[in-house]
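Next come two complexes, and both contain chain A; in the first it sits with chain B, in the second with chain C.
Moving on, here comes the complex of A and B:
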């Protein structure tokens, strides 16, 4: 039965619009969404669609007429040990950085969750690495690891742990460890804030009861705190993986992807192809695969957000 | 609504004003010297001098050296090419197909150019019988010694052979604390290329021949890289050194040798903080040779000027061609190159007092008589080739690969790139 039938052929109000109040709300909502949608389309969708298209072309800055080559760029990537190495380096970098940050961020959150004098000040100061611009962080760590003037070498020499200064950033493992450490240092504050927020809801009585039952610190962490923080842990891990996959500036400023290709993660590889070798087609193809690696964690993150767990 | 209208009106007025300003200049000049703090005042002096002389204005556009090629291609794609551009001599082949590139022979005439410019400098701008670039300043990439450091190490004579060089390096290592005897490039592929290329030539090898065939995988290539690896193993060179690091070490009296362009003197004046007082330590030298009497190797180097036609065909009266002609004027050539510690490109300026009797420049020319064209940077995929070469040399220097394996891998990877670009291997 329509509105008109219900009201005996008369409109409820001359201002009644098609679809009723909900319809109006929907249209206004869509209208309000338009600027954000337009911005998203221009800044994200269009460039990505274009990159997707360009990945199918042989296209360099010098080559004014792109040539369609189908999936040749992807075939080249699959047969290129250098690009495949970049995938491996990316996995190691993201895995180590995320795991390290989770462990240290949780540890730091547990410490800062204890009542002690000056806790507020230390909590605030703990956010400093997160506030410092990433390139500045990279330069700070670059100086720490510098073979000639570095603090690390000076400290180790002073403690007689090494005889001659070490070129940390010139060994593949040293350079990779340096970029991972820098990433961990930058990310700890954010992870810590998540964990700290989660710890605020922890039932103290439950912990006290466990202690009365004879549970030690490790048992409380394993059986009570971690299960309680599980939803936070999931969000933090997914965010850490996404952030790690997107990371470029710290690595570029610290090692430039070297030595040789030891820290050449996917973002560095895309930059090199696009802006040093001007191979836009190949850079787009690697970029598409890079986005593909970002999609699963992003999907899980969004699903968790939507489901609220 | 009124506010929106006002905002729109203001935007339109601003847009018109900006586009008007962009087109207000008679010609435009894009260069990397303008982006360098130390050279910018010299470029501004040139632009001011040109405007005073011709009443024509120039819009300067700065672009970092490392971004110049990319920016120029991007401007070509968006049809916003500047009228006059400063380039490195090795980039000329990659720009030779850009639309509107002027052949100066057609505008100024071959005879005039031959009379005005020094033959070695003019030759750097020639390609396929055309004069596509003119020299702003010229020189070569060779070796520089810090005589102050050598004296501290008890070395009185600048080494001429590889044997003498190694003896001097060992003396510096042992007698000058915290020094890097030879600040060889070990970090950045672009810098590594120059050091490797010079040592490869010194040992009698080549990287890519004139026909585009990769020939680096040779006995000479292996010997050259093994020599460089030996320097690292004996702590005569160090990791994490790029060209700017080398200049700093030299300026701080913590390195005895490094490879650079003649601009070295200007850099060292700045990095030492002593200005011209540091000149007494800066000595150009020939790159050490295998046997006494051999010709020291050096790489062609120069700042060149290319132009894009303002009219069809380009002619002398165009504002950009007048600017190019002004760059050959003695007012420019006796000022800009000298301030940059390099040789002028013109015959007259080279004879001018203050240049002809500059001992540093004379020594530079004496030790680097026959510079050779960069064998890698000139190819269309020069950036990728440089990256490969840098990675393989670095892998050997950092002991991740043997010198032989690195050379074999370098040859294979570079050949694949050249083959893809259409050069038979």
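Moving on, here comes the complex of A and C:
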């Protein structure tokens, strides 16, 4: 029994008449996997392993022959306030964006779960922010946040919330808020889709019964809907964190990581080191720490997928 | 779900609806209307809420005076090819994972799946010298191949979970008739799997269409550039940014992917959320 489990549940029964055929089938299965596995190894596994290795080398524009330096890159990182800043910015960015998207995505899903005329059309249109290319969303929000002609400044001035136009993208906090708001805008649709799918198999009778017992809307949300959505919530948070940590395009197009380093998340930091300063060793080392940050959510995600099968 | 008969409930419900709806849709509305304004109306400190004089000048300039059409063609070629490549690879791999049992199947599958979490930027650091070595830098083929990074793991998983639901009896019956496994896959399984195949194709296409990082790094020459970096270099790299043109170009490059998506969204949402929700 233990042997069977160790080979991944693959069964060879001495009683089966098609023992020989099984062998052929198995080879066919492996053959089918082969092209994808080859592509995967060359384009993903090999570069990944190599980047892990390069983090232990000094490899820069000045020094194109990689020299092994052990963990020196990591020591440099530990004493470098820039990389530390980048970590903090990443945590703020991913944390705020994920939390904001969960709240707004859930709210929007609950609204679109309520029957009203035109709901189908709004549901479809709600997916648009997710579908438009990342550069486009950066353009849209860059124009909204524009310091001279941006509609946000006009709106806030009109409402007397600010006295003078703000240069949102040129101040550290303004730029960080802008990339977070753009990220939330882009990810609400996906979160909404997950929540809507989860809401479909909500037990209506249970809710009707609770209502007869005098439960109000808020009580139903708190005692029935949210507990029911907990598994979906977990998936969405994990996917949101992974996606946020991977995000590069919109931030780069909107702020380029600036002003100075205010929005320089890990993905931007690695890009800058590798392709602007050509310090491949340091870029790889920061990338390795980035992978380490991704490991906990990745672990949860995989565990959920395995359990879900 | 919610009981909206009381006045408070109505106010809270519609209030929230207006707020989130405004956040979701106003930026899109603003992109469309800004693209239709001429510069005199566009560059005003107090903007007009809708274009008082509609002009298509921005679209005309975007098409005729920039390289937008070149970028669009390049994006179509690279995204289309990489989506096709990804779909074909994922089809066989997904079927193999779902219907065959062999040593190492599960660990390989888990490893492939976890690869979607490898930082794309980190992979690029070693992909870049690799491509230089084999002469694929600044080629469309190099970009197409590197787009495997984005979608292959998820595409494989999506098709795997679909194929797992295809009954074994279907395959066994055809086997009893003497059909080979490849023949069964091609003539029986693929024809009944068109919706998930389309979903995976679109998913993969979307990733490449939206990409900025890889295209910006792998492609150097302007005539091979795709829309992501193309737009960025055309509209934001100059001192005086052309916002009207940027909005018009944004609409033009979003149109193909939005059209495809609207057409297929039902399959798409099912495919993407599958597995997470039961």
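By our rule, the second predicted complex is superposed on the first by the 286 of 309 C-alpha atoms of A that agree within 3 Å, B and C clash if a C-alpha of one lies under 4 Å from a C-alpha of the other, contacts with A are read in each partner's own complex, and residues count from 1 in each chain.
Please note the rule applied: a contact is a pair of C-beta atoms (placed from the backbone, for glycine too) under 8 Å apart; a residue touches a chain by one contact, two chains touch by 3 or more.
Nothing here was measured: the structure is a model prediction, and the numbers come from that model.
Visitor: Between chain B and chain C, whom does A:275 touch in the aligned arrangement: first, second, both, or neither?
Guide: In the superposition, A:275 touches chain B and chain C alike.
Visitor: Does the superposition put A:170 against chain B (first), chain C (second), both, or neither?
Guide: Only chain B is touched by A:170; chain C is not.
Visitor: Considering only the touch criterion stated at the top, classify A:147 as touching first (chain B), second (chain C), both, or neither.
Guide: After superposing on A, A:147 lies in contact with chain B but is clear of chain C.
Visitor: Look at A:197 in the shared chain and tell me whether it touches chain B only, chain C only, both, or neither; answer first, second, both or neither.
Guide: Second partner only, chain C.
Visitor: Chain B or chain C: which reaches more residues on chain A?
Guide: Residues of chain A touched, chain B against chain C: more for C.
Visitor: Counting only touches as set out at the top, which of chain B and chain C does A:306 meet: first, second, both, neither?
Guide: A:306: touches chain C, not chain B.
Visitor: Where does A:131 make contact in the superposed view: on chain B (first), on chain C (second), on both, or on neither?
Guide: A:131: touches chain C, not chain B.
Visitor: Which parts of chain A are touched by chain B and by chain C alike?
Guide: Residues common to the chain A contacts of chain C and of chain B are 146, 148, 275, listed in rising order.
Visitor: Given the complex with chain A, which residues does chain B contribute to the contact?
Guide: Contacts found on chain B: 69-70, 73-74, 76-77, 94, 97, 178, 186-188, 238-240, 380-381, 383-384, 387, 391, 394-395, 398, 400.
Visitor: Give every residue of chain C touching chain A within the complex, in rising order.
Guide: Those residues of chain C that touch chain A are 1-4, 9, 13, 16-17, 20-21, 23-25, 27-28, 30-31, 34, 42-47, 88-90, 92-93, 95-97, 99-108, 110, 112-128, 130, 145-146, 148-149, 152-153, 156-157, 164, 181-182, 185, 206, 209-213, 217, 227-229, 231-232, 235-236, 243, 246-247, 250, 253-254, 257-258, 261-262, 265, 269, 272-273, 275-278.
Visitor: Flag every residue of chain A that touches chain B in the complex, lowest number first.
Guide: 61-62, 64, 146-148, 167, 169-172, 256, 258-261, 272, 275-279
Visitor: Across the complex, what residues on chain A touch chain C?
Guide: 7-11, 25-26, 28-30, 32-33, 35-37, 39-40, 43-48, 50-51, 54, 104, 107-108, 110-111, 113-114, 122, 124-129, 131-137, 139-144, 146, 148-149, 151, 154, 158, 165, 185, 188, 190, 193-194, 197-202, 207, 211, 216-217, 220-221, 225, 231-232, 235-236, 242, 245-246, 248-249, 252-253, 266-267, 270-271, 274-275, 280, 283-284, 287-288, 290-291, 294, 297-298, 301-302, 304-306, 308-309
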